[in-house]
Each structure stands twice: as structure tokens, then as C-alpha cells.
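Have a look at these structures, which come just after this line.
One chain, chain A, appears in both complexes that follow, with chain B as partner in the first and chain C in the second.
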Partner chain A sequence: MSVQLPPATEPAPGPVPPTEAEGRPAKTRTSRMRLTVRRFARNRLALFGLFLLVLLFLGAYGGPFLTKWDYQQHDYLNFLASPSGDHWWGTTQGGVDLFALTMRGLQKSLIIGLLVGVISTFLAATVGAFAAYFGGWTDRVLMWIVDLLLVMPSFLIIAVLSPMFRGSTWLIFVVLLGAFSWMITGRVVRSMTFTLKDREFVKAAKYMGVSAPVIIFRHILPSMASMLIIDTVIQVGAAVIGESSLSYFGFGVQAPDVSLGTVIADNTTNATTYPWLFFFPAGCLVLIGVSISFIGDGLRDALDPNASGAKVRSPRKKKQPKSGRPTAAVPAQTTATAGSQGAAS
Partner chain B sequence: MGRYLLRRLANYLVLVVVAASLTYFLAGLSLNPRAKFEGRNPPLPETSITKTLDEYNMNPDTPILTRFGHWADGVVHGDLGKTIEGDDVNDDFGRRVGVSTRLLLLATIVGSIGGVALGAFGAIRQYRLFDRFTTLASFFVLAMPVFVIGVALKIGATALNDGTQTIKVLGEYDPQYAGQWNFDALVNRAQHMLLPALTLIILQVALYSRYQRSTMLDVLGSDFLRTARAKGLRRRKALVKHGLRTAILPVVPLLVYNIVLLFTGATFTEKTFGWHGMGELLVDSIGKQDVNSVAAVGLFTAVLVLIAGLLSDVLYAALDPRVRVR
Partner chain C sequence: MTETSPAQPTEALDATQPVLEVSDLTVSFPSEAGRVQAVRGVSYAVRPGEVLGIVGESGSGKSVSSMAVLGLLPETAEVTGSVKLAGRELLGLGDADLSKIRGKDIGMVFQDPLSALTPVYSVGDQIIEALQVHQSLDKAAARKRAVELLDVVGIPDSKRRVDAFPHEFSGGMRQRAMIAMAIANDPKVIIADEPTTALDVTIQAQVLEVLKTAQEVTGAAIVMITHDLGVIAGFADRVQVMYAGKPVEAGPVDEVYYRPRMPYTIGLLGSIPRLDEARAEGTERRALTPIDGNPPAMVDLAPGCPFAPRCPIAVDQCRTVEPELTVAEGADLPQALNSVRAGETPMAACHRAHEIGAGLDRDAVYPLPVLPEAGEIELLPREERATVLELDGLVKHFPLTKGAIVKRTVGTVRAVDGISFDIREGETLGLVGESGCGKTTTLLEILDLPSGQAGTVTVFGKDIRGLSRADRKGLRRDMQIVFQDPMAALDARMPIGDILAEPLKTHGWDKERIAARVPELLTMVGLEPEHADRYPQEFSGGQRQRISIARALALEPKLVILDEPVSALDVSIQAGVLNLLDELKTRLGLSYLFVAHDLSVVRHIADRIAVMYLGRIVESGAADDVFAAPSHPYTQALLSAVPLPDPRKERERSRILLSGDLPSPADVPSGCRFAGRCPKYAGLGESEQARCRDDDPATAVLGPDHGAACHYAAAVDVVASAPQ
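== the complex of A and B ==
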């Protein structure tokens, strides 16, 4: 918000030039996309977060090729070695190169986070939209399940079920994490669907005989796409933290797989005397979280300028320079998102 | 209002019963208490293991419904069953609730007040240095799992201690002070409490301040605040009496839920700093294949959610006149 581009460099997105107005509707889609990208790019923190996340991904998948050590290889000459040219981040008690190990854990943590984010948002969108669209008993039963899942201590349940995925694939763990993290978003989707389902475009589709699932997936859910995108990003961050916490206690990712949680857990006994064993993997974990919350915040501001977090309501001095911008830009931004966001706020 | 609360209570009660039963079934089917005894050296005879398991109502060969019947019968009569060590779960629970309360009470009070104050102040000074700093700091804190904060504090304290034992990193008190409440014992307890309490406070302040900041920002632009200023109220008074009071309302349910659920949610803090509270039981009971304790924790958490739900309904009604009128 702080970065103010001089008005000249910013082509006013607002009043659509007549030439473009005659174009096909596809034009407006790209222009909304471009608008979002431009708003996102204006946010320095968000860009920094994106840069950080890309860097983490590159490191996780490219890093292992840079070092000669493998995460399963033991260097019997160096136990608990401090960071050096040979072992960049030092070695663990077993002589494993910490850099290789952490990068391996980073891979798994990132993948799990992404999968859980997508799964839980998908679940939330589907359940919430179906509950609200059909109403009545469907709604009551589905919301009761939401309440029940909220009452059940998710950490306890996943931990109790952990013997199930011990020895089998970590994907079960991902599904469980997803299954316990969608409920609150599901409620939000439900209340948004309630307002959307009385709108003309939904009614029109209904009277044309479009089936309910098609209406939900083609008309209702795309209308709240921005909320769902933001939620996915937030869920990714939450999943990374949840995954590492469960893995830290041995209830999550199981050997021979490693995640950042297990890397930190395995070295936690030596953490006070050999702090780098803690700080490198924990640092990576924190960087994931920070980058994702920066991105999420930037996305929220870019996709949904009317959301409470993005608003600058109180007239402050800081806001003054904004009036230097073409005033037409402001109403245009609102109308660009009004179609989808009217129900959100 | 009364009828509304009663209906909510009935709904919550059904949920608690179903959630607790489901937890028992999951634990009973998934955990294997027999393994806990089979690994012993010298090995125990098969029959005596079975006998012990039967006595504790944990024998995996008994049909789950029969076990559940026994357990539910006990719970209704106020008996949560035996732990895998043969103690009463009730006694264990009583002790642990005490430990958790001692840890959480102070941390929660400081954490919630601090969070609300920091968030509201940050909103008033939006985009100034203070606001930027607290926002960035809370981003970092919220990006960290609790155990990372805990272990980092531990490492920091060890460095600060520099060989002395001023800040203790493990346990609730030193063994020689067990059961004592004189000055030395209290000092000792305070030394132990510093780090875990700090962990919880940092976490809560970061979380609550984010919410408080955004609700406060919403209120700051409102007409009634301008009216309050226009009729001649001083800025501070208008902000606190008209602004903060309104802005705190949406945060209340969040505060209540988090505070109440912290009883089992302080798992990571208790584990990291070796406090034998409720949160620790959650992790340890699963490791010990202790079906009855797991089920008891599940029940306890469900009851906490019920209490939190009711409490936030009542508090909301008490604080917001609009709800009472309806």
C-alpha cells in the first residue's frame, strides 16, 4: 500500500477505452487478471514473499544437486560438525549433512502444505456450497458434521490414527490433515452461497435446466474464486505448521520419509549445545510461513480491495498522495470486482 | 434468550456425546495396549497380560462395543477408568488440570490484554512505525509452530544463563520444593514458569492483536465515532469508550475459544518445557497406547468446546445490548 506509482506510469484501469469496450468479453477477464497482478506487484511485501517462496522451492529441488552429500549418507569422519565449506550447514549426530537433509525435508513439507491447502479448500467449497444450495436437511446434516469435526480434537484424532499410515504412504496423512482443516472455510462458503443463490445469473441457469452440481461448480464457486484462492494460500501455511507439529511428535511423516518437523525433532536434543541443528531447519520452516502469509496478504489486497484488511478508512495524512491518482481508478476497481465480491463483504 | 441458550446447550451436549464416543472408538480400534506389556523384560506370561488388560477394560480382543459399554457406564458414574499403569484416570486428571491452570492463568491474562491493547493501538496508529513493526513481528510469530518458539527461547535462555541456572528450562519446580509454598519455592516456580509463560504470551499477543487491529480499523472509520468526537468527547475517551468497546465485541468469541481450548492446546509448550499438564497427556497417552486416557482427553476437549461455546454466547449477549433486545 505504501508504494505509490506516479500516476503517469499507471495506465488508468478504470474507464475502459472505447476500442476495448467493443472487444469480446474475454478482454474483461484478462483486464481483471492484469489488474490483480498489478495490484499484487505494487505490494512490496507480497512480492518479497513470492520471491522467498520461489527461492525455497528452487532450493528444495535444486539444492540437493549443488551439494555432494546425500540426505541418507553418513559422513563417519564428521559427527555434529559445525557449518563449514565441506558441510554448509554442519552435520547431525549421525554425520548426515544437514543441508541435504533439510532440503529433503523442505521438499516434503512444501508438497504436503500445497496438497493439504488444495484438498481442504476443495472440500470446504464443495460441502459449503452444496449445503447452502440445497438447504433443508442437506444443510442441517452437513453443518452438523462441520460442528462435530470442530468439536473433535483434530490433533488427537490424527495422532491416534497415525499407526494407520506408519509403514504405508504419507498421502494418508495428507488426506487426514485436509479432512480436519476445511470446516471454518466451509461455513464461510455456505453463507456466501446463501446470498449468491438468489442472484439472477444462478436463477437463470436453474430455469434453463442446468443441473445443480454444474451450477455450483460453474457459476457459484467461480463467483467466490478470490476468497477461495486466498483461503488456499492461508491453508497452505497452516498445513505446513500443522504437519511439522505432528511430525515433531512422531505422529506425522514417518521414516524413511523426512519433513522439516522430523528433522527438527531428531536434532532437538542437541539443539541447545549445537544450535545450528535447530536454526537452519526451523529457519526454513519460518520462512515458508512468513512468505505464505505475505503472499496471502498481498493477494487479499489485490483480489478483494473491499475486504476489511485492505481498507484504509480513517482519513490519515498517509492517504493524501493517493488523491493524486486518477480518481476514475477507484470506482473502476470496485466495479471490476463488484460482480464477485458483492456477496463477500 | 434463555430458550435460545437452552437449545444451544442441547445441541452442544449431543455433539459432545458423539465426539467423545467417536474418539473412544477410534482410540480403542487403533491403539494396541497389549504391545505395551509384551515388550517387557522379563517377558510376562500371555495369560497375565490378558488378565491385566481385561481388568483395565483395554483388551483389544474384547469386542469394541462391550468395552465401550463398560467405559460409558463408568463415565456416566464419574469414573474415567484406569490408565495403562493401573492408576485412576480421575486422579491423574485432577493433578494435570492443576498444573495446566497454574501455567495458563497468568499467561492467558497477560496475553489477551496485551494482544487487545497492541492491536487497538496499532490500528489507531495505522502504517506508522509502531504498527508496521508489530504487524511484521506478529507475521513472524504466527508463521512459527509453537515448538519452534519454545526451543528457540530455550536456546536463548541457555545462552543467557551462561552456565548458571537462573532461568530454568525444564519442569514446574525443582524436586526439593515439591509441595512447598514458601518464598524460596515460589521464586523457584517463577524461574521455571518464565519461559513457558513467555511462549504462550508471545503466541497469544500475536494472534489476538491481528484480529483486534482489523476490527478496530473497521470501527475507526464509523459514523458513531465521528459523532462522538463531534459532540465534544476527547479523542482518547471517544476511542476507548466508543471505539474499543465496539471493536472488542467480534474478538470476544475468538478470545474465549482460544483461552478455554488452551487447556489441551498448550500441548507443545508443556511438552517442550516438561510440564506435566493436560496438553502433555494428549501426546503421552497416545505414545503409551493408553486407550482410557486418550478417550478422557477427547471427552475433556469436547466438554471444553461446549463450555467455550456457551461462554462466548453468554458473554456476547452480556456485552452487546443488541442481542439482548432480540
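== the complex of A and C ==
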């Protein structure tokens, strides 16, 4: 700010374009965030995914109030009963109402899955991008940590650590799961950042004086949004399953509390003979996965201006800025395709 | 040697008969948006020994039509019409049959010589393969012939080079090798698709020379496809101008260049900056005439002339009926009737073609944009203006290292080796040089604001070495950059409103001021304020470059660094961007550092120029002086290599051809760096040569603002800029 030119040579105080005289244009600029939300809202499948996820949350937290059974209550008259009016989704071997049990498990699994997915992807993105962007010693140290975590048996570490946290909240468990599942993605992010950081738009931002962390979060990470979103979706599924296998060994969510993973694990042996024991909880797991991946797809399309899914469906629907002027977008885009075709052939 | 196939209907080629005849060729591709009509009726004929130039902007269908001739289009393409090679119909032939023709009767030279050669086989092997596929030669004979061919295309030391791999060849040499392959089987036609676009201008001159030799050796017809009107002017006998998949004007070069009858051609010729632009002292510089708008989408074309929306003289008829390519009225008719078939007659596809040149003045077709009067600062003598940027002996060497664990230095790349220049307020310095001469390193060195190796960089009177962080950030506000590729320089995932707001946000503007500034910027560069919500890919290349410029100007900088800002754009679009830059400079009192390899563009925009060669500035001075009296042999060669879009001048000019390629900056010759390639050096006496070899020449002052780093600097006029 201290660099100033001699004011004597200063011409007019900045440009005076015609708009200033006419006053501010009526329409204000929409920010990237709001554009993204608008584009997301245009994607029916994504909205369906969001709706499904909300429904799952509602079911998980509201469902137990709809049924008279509690997930800890045993119905000694009905062991392994098939679905009926009394027990909507049937009962388990111990006579516990499966609906109440699944909903209780869903509560835990939704939170664990989503949190672990988001935490691990965020860690991966941050560490990977910072390592590559700064390079040198930052890169080396961060990659040592990544390699160290990769060679350490995460399952054992969580197993060793979990008695320490026994009695405290299970959210610690979420953090542990997240902390051990980001390294491979982190390396992928790092290598993608290496190519991105030499791109001209990143350089342009740098020469504008934008600080490095802002460049990373504003330019670099959004450019690999598709990869990160897909990774989150995978991590959510993996976390739900991973949690169940830990729970199976007695870590993680402990009885009498349940998670979707433990419900599925407990009932897999009976899956062929009493299919509802398997299908209802597994179906819930699939629904989580489906809803997350629909939302992820929608987000990716909303963030990527090239995606066709998020475009306005009929260009005529949107009001034209001026009737006489054809929108510049149309010729520009199609010329680009024609040009690329020429080049491709 | 090649007269083998008895299946050829016409064995003895009649020089008056067309060897390749394309008639009514159409090509369409399926696409998401509908069928893309890439080519909509192209007809031409070339006779042996003749050069047909096809010019057009990107997307005009010129490459696609040549691919269709070669049968190299994907299966999905629908091709109709007729392509006859010496009387034999090629369309509809199977791939096996076409393979017998491609590379034998039709030779091909593509744009990118690196991807056209297989990297894992030696160049010789590839030429030998091309020979053996079509001729029954044994290995030794084929190899001998390959060496001969490399000799023909001027590859030095061809006996040894024949075993070299493509990566060991420079770009120009690869293109020579491609030409050697194209002429290996004495083709009847050579199709050259932008053969010099990827090459530097001195290399381009060499390659064009080789193509000419190749034509003389084989007597083949050449179909030369390019966007460069200068290349065509000197090289072709006849031209065909393409627009929206159709030829809109055709005829002998002189006719088309001096008496264009189609507004598009007139616009194209008016929109290119010219090296021979006469610019007398103190007069207004010539504004380029850009063609408004963009080429149409090739899907569902509206009825009428496809150029009508951009045409300044369009009448109602143009919007309803598409004009056919017909013999232009006003041409000498009796002669025309004789030569219609041979394509000697100028033809144009325009309803008003007969008026143009008769009732309508060609120069008046496009309204000449008015450039603002020179500002206060620009009228001041140079000495009285403040210095914006000063480089003094700037050096940037990169160490060459070897070893995986313990790195040891084995050499130095002298990318920038002591360069000095200064830019005053309201001035444009054009920094020119071929690729690899260190232009970009210089730019990055200025922009990175590093604590360099040697030499000083002074920006607005402050040495950047002693600057604190805050000072550096402030400096960034006053110094902005526009990159070459407008697509890569804009974050594709941000709406352009956010892109323009970014520098403002970074430098602490509040929301209201940003909201007011963004539409202001868009209007300033000729875009609509409503465009702020769109993403960069919804814009064409020229519009994107305007956005880049708007972003660079957001903070009202004093110095804008332009890194090849128009080289990615089509000429008709480029003119608009250049005019905009000119106008903004005057209006906002900007200084430009304009880096480019295109000397015509630099000629148009720069007040002063500096010519770089191998990390040094070899000549610098006021643009008029340097262009009128280039004194360093390299500048002379560079200027003489630039083709002029003027057939007569092109024919009269003699080129100073440089031998060889740019030496590697890791292995800089002692003494004068240019001595090894210098045309002047060759004509010097023994003792004088010794001086060039041993003594690094310092800059010799040739005028008040003109200097060249040569022991024997002497001015030579190479542009032939006769006043128009």
C-alpha cells in the first residue's frame, strides 16, 4: 500500500465508464455460492438425494416415537417373527423389534458416516494441497506423516486407543476413524495440486497478491471438487462398514447401544433363512449410500460449469436480457465444439 | 521410380488437368446439440505444380475438409460430394484402398510435428517405412533414399541424423522430417495443414523454403491450409477463403488480396496488423478494423448468408438467401470465360460483390474505429516521464543438477543473462524473441518479485529487493498481468463476477465498492454487466481475453504485463482486443510490457521494442527506428522472416534465412552468442570473425534511442515499407 506514484502524473482518477453516470445497474451480481445453490436446485436427482437423506434422518430420530417398541425391549412372545402389523420389520433372534433397532442404529451410522466422510476428505484435501502448493520442507514433513500413518496398522491403533476413551463420547471414535482414512486421498490430492499450481489462473491469483491458503481453498480445491466429492461418498460407505467391523471386535459402538453396522453384522448369519433381518438394515445402508452419491453428483455438477446436468433446461425459460441481442453464450459454446471437432479429427 | 501401379487411369499427368478435384464436398458430424455442418460445399481443383491456399479462422472447416479428402475422418462423420485424384474417385473407397493412396499419391504435413512422428522409432526408420510401404525397395536402398530425402529438406549431417529419434530433433527439424516423409514417394498432391503454425518465425521461413524445394523436386500440387494470410500471400498461387464451412471467396492471390469482393475477406485483411505499416512520426496510429461478433454455430444455421450478422453492409436479401460462390462481376469477362474451369477467375459469395470496388469503397466497408487522442502523458517527451519499471543487468540462471540423492550441479541454464531495459509512463515496450530466448523467464522474474541473483529490478522507483511483505502486496496492485491463454487464466469454476471481484477483495475493497466496480469493468472492456453471472466457458476466446484484461485493470494498475495476449485468438478477434488495449492505455494512462513473438502485432502496438536472443537483448530502441533500420543481424533476419499479407511485396522480398536452430541456453557460445548463425559473420574477414568469436559485443549506441549489441551493426531495410 505504501507504493505510490507521484500524483502529478496521475491522469483522471480512475476510469469513468458510462455505467457510473447511469447509476448502478438494477441487477446485482450473484455470488458463486448462490449460483452453486441455484444450479444444485435445478438437478432433480440431487434434490431427490437430499430428500432421501432428510427422510433417513427423520426416520432415525422420529421413527422410534412411531412404534411402541424400544430397541432394548425384548418381545418374548415373538422371536424371529416375520414382518407384521405388530412388528413392522419383524424381530430378531432375541425378540427385539427390528424397526426400532434399525432406526437406533441408523442414528449412529448416519452421524458416523457423514462426519468421517467429511473429516477425512477435508484432512486429505488440506494436507495434500498444502504439501504440494508449498513444496520443499512443508511437503517433505507432511508426506512423512502421511507415509507413517499409512504403514501404521490403523485398526490396531484404534483398538489400542479405544479403551482409553471408554466411557467418554463415541464421537472420539469418529475422529479416530477419520484420522486414519485420509492418507491415500491426501496423496492423490497432492499430485493433482502439483499440476494445478502451475496453471495460469493460479498464477494469476498469486500475482494479484492473493495469499496461499486462500488460493488453495478458492482455486485449487474447487478444481478437484469431483474427485473430492466422490471420495467423500466412498468414505461415508467405508466408515459405516468400518465402524461395524470394529464394533464386532468390541470397539466402537458398544452394546447395548447399536449402529447399523452392528445390526447388520449380528444378523448376517440369519440372512438366508430370515431375510428381513438382513434386508431392512442393509437396505437402510444402501439408501444412505444412494442419497449421498446423488447429492454428491449434484454438487459436482453444480460446481462444474461444464456439466450439462446443472444447466438451465430450456434457455427460453429464463428471461432474456435484451430481446434484440442474441445471448453471446450460444455461438461461443458451439464454436468451441466445432473447433474442437476440427482439431480432434 | 514410382510409376508402378497400372491401375492409374491417367498415367502421364497433363499439367493443365487438375490432379486433385474436389467438388461440392460436405461433412457433418453428430453432436449433442444436433448435426454440426462442418463443411457445406467446398469445391476446388489443383493442377500439378500449383499451390492452393485455403485460409480461414478456427472452426471454418478448412482442416475438416482436408481430412475428408484424405479419408481420415471418424466413422461418424457423414461425407458427401466428390474427391477425384487424377480422375479417380476417392470418396467411398475403403480404408485399405485409401492407404495405398495416402502417403504415396497424397503426401501430408501436419501442424504438430512432434505428435506426427512416432517417438520410439528413429526418424530414418519412419521414412524408410513410408518408402517400403509403397515401393518395393530393399532396406539398404530405402535407407539411401531416406538420407537423400533428409538432404533435400536441408537437414545437416543427414547420414548421422537419419538414426536420430524425434526428440533429438528441434521443432523445425521435425517438420522438415515430416516433409521428407510427405515427398518420399513423389506424391502428386501434398496437403499441408498449418505446417508452420507451431514454429517460430525464422524457422517458419526455413520450412516454407523447404516446402518450396519439395514442390520443385516432386512437381506436386500443394494444398496449403492456414490461418496466416501472410504465409499464403508469399506461397500460394490461388487462395480460397473459407467461412462457416463454405468458401466465400476464391481466386488468384493478387485478385483476392488487392481486390477482395467479399466483406469477410476485406475485414480479415483489415484486421491484421502489418509489419510494413507506415507510421510517420507523431501521426495517429492506424486502428485495426475488427469484425464484430463471432463465427456462427455450425448447428442449425439460420437461412441467409452466415456472415450477415457480422457484416456491416448486409442488406435484407443477405438474411434470407445464402449467396452462391459465383464469378465476380467486374472481373475481366472474356478471359474469365476461358478460365473458369481452371479457377483463375476471382469468385465471391456475396450478394453485393458487384458493388464492392465499384460503387462501394472497400476501405469504407468497415467503419474505422476511432482511437482516443493521445493522452497528456503520451505527448510528453520520453525523458520527462516517470520510470515505471527498470531492469538493470537482470540475471536468472538455473542450475542443471544430476543425481537422485546427492544433487550436484553439472551446468547452468542461462535463461536470462544480464538484460536491462526501462519502461516509462504511458509507454508500451514490446519484448520480442523466439521461443526459448528467455522472454517468459524475464516476466516471471519481474512478477515473482524475488530477491534475484544479480541485477536489479526497480518498480516505480523502488528496488524490489528491499521490500517488506506489505510493500510487495501494494506493488502487486500496481502491476498486473494478462496471460496468453484466456481459458487457462480464468478459473473455470468461478462466475466472472467473482473472478473480477477477486483482486478487489484481496486488496481490501468493501462489498459495495466491489459491487459497483464489477459492472464498471465489464462495460469498460465492451461486455454487458449482466454477464457477471456467467462462467468463462460461455464466452468466446476474444471475450475471455477481455475478461482477463478487465481483471488486470480492476485495481487501476500503472503497469500491465501482457504475455502474448492475442496469440491464441483469431485475427478478426485479435484486432478488437488490440484496439481495446490501445484505447485503455490512452484512457487510463497505462504502461504496457508487451511480450510477443508476432512482430506484426508488436509493430502495431509498441512504442519501443527490445529484441531478445538467448537471454540477452540484442537490439532495442524506438519501434519506428528498429523497424525502419534494424541493425543487428538477428533483428534483420527476424524481420525479414515475417511474411507480409501483400503478395507483390512478398514476391519481391528476399529473406535472410538463418541456419540452424536456437542454441541451448545451457550451452551458450563464447563471444557473440549469435555468431554461429549470423549471416553477417559468414561474410567477414578472418580477424573480424575472431573478434565476434572471442569478444562479447556490448550495446553500441546507434541513435538517441536505438542500440544494438553487434560489433558490426549496420542498418538494412528488410521490411520494404513503402508508403501505401
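Definition applied: the second predicted complex is superposed on the first by the 173 of 345 C-alpha atoms of A that agree within 3 Å, B and C clash if a C-alpha of one lies under 4 Å from a C-alpha of the other, contacts with A are read in each partner's own complex, and residues count from 1 in each chain.
Just so we're on the same page, a residue touches a chain if its C-beta (ideal position, glycine included) is under 8 Å from a C-beta of that chain, and two chains touch if they have at least 3 such contacts.
These numbers were taken from a predicted model, which means no experiment stands behind them.
By the touch criterion defined above, A:94 reaches neither chain B nor chain C.
Of the two partner chains placed by superposition, only chain B is touched by A:160; chain C is not. Using the contact criterion defined above for the overlaid structures, shared-chain residue A:244 touches chain B, although it does not reach chain C.
By the touch criterion defined above, A:135 reaches neither chain B nor chain C. Measured by the number of chain A residues touched, the leading partner among chain B and chain C is C. In the superposed model, A:152 makes contact with chain B only, not with chain C. After overlaying the two complexes on the shared chain, residue contacts for A:62 are found with neither chain B nor chain C.
In the overlay built on the shared chain, the residue A:209 is in contact with chain C alone; chain B does not reach it.
Contacts of chain A with chain B, set against its contacts with chain C after fitting on chain A, overlap at residues 1-2, 308.
Listed in rising order, the residues of chain A touching chain C in the complex are 1-6, 9-12, 14-15, 17-20, 24-25, 27-32, 35, 199-201, 203-205, 207-211, 214, 218-219, 222-223, 225, 303-306, 308, 321, 328-339, 341-343, 345. The touching residues of chain A, when paired with chain B in their complex, are 1-2, 147-148, 150-153, 155-157, 159-164, 237, 241, 244-245, 248-251, 261, 264, 268, 271-272, 275, 278, 282, 285-286, 288-290, 292-294, 308-309, 311-314, 316, 318. Residue ranges on chain C touching chain A, taken from their complex, read 29, 31-33, 36, 38, 58-59, 61, 63-64, 67, 72-74, 77, 293-299, 375-377, 385-386, 425, 447, 459-460, 462, 470-478, 480-481, 483-485, 488-495, 497-498, 501-503, 506-507, 515-516, 518-521, 523-524, 528-540, 543, 548, 551, 553, 556, 558, 587-589. Residues 11, 15-16, 18-19, 22-23, 26-27, 30-32, 126-127, 139-140, 142-148, 151-152, 154-155, 158, 169, 214-215, 217-218, 220-221, 264, 267-268, 271, 282-283, 286-287, 294, 297-298, 301-302, 305-306 of chain B are the ones that touch chain A when the two sit in their complex.
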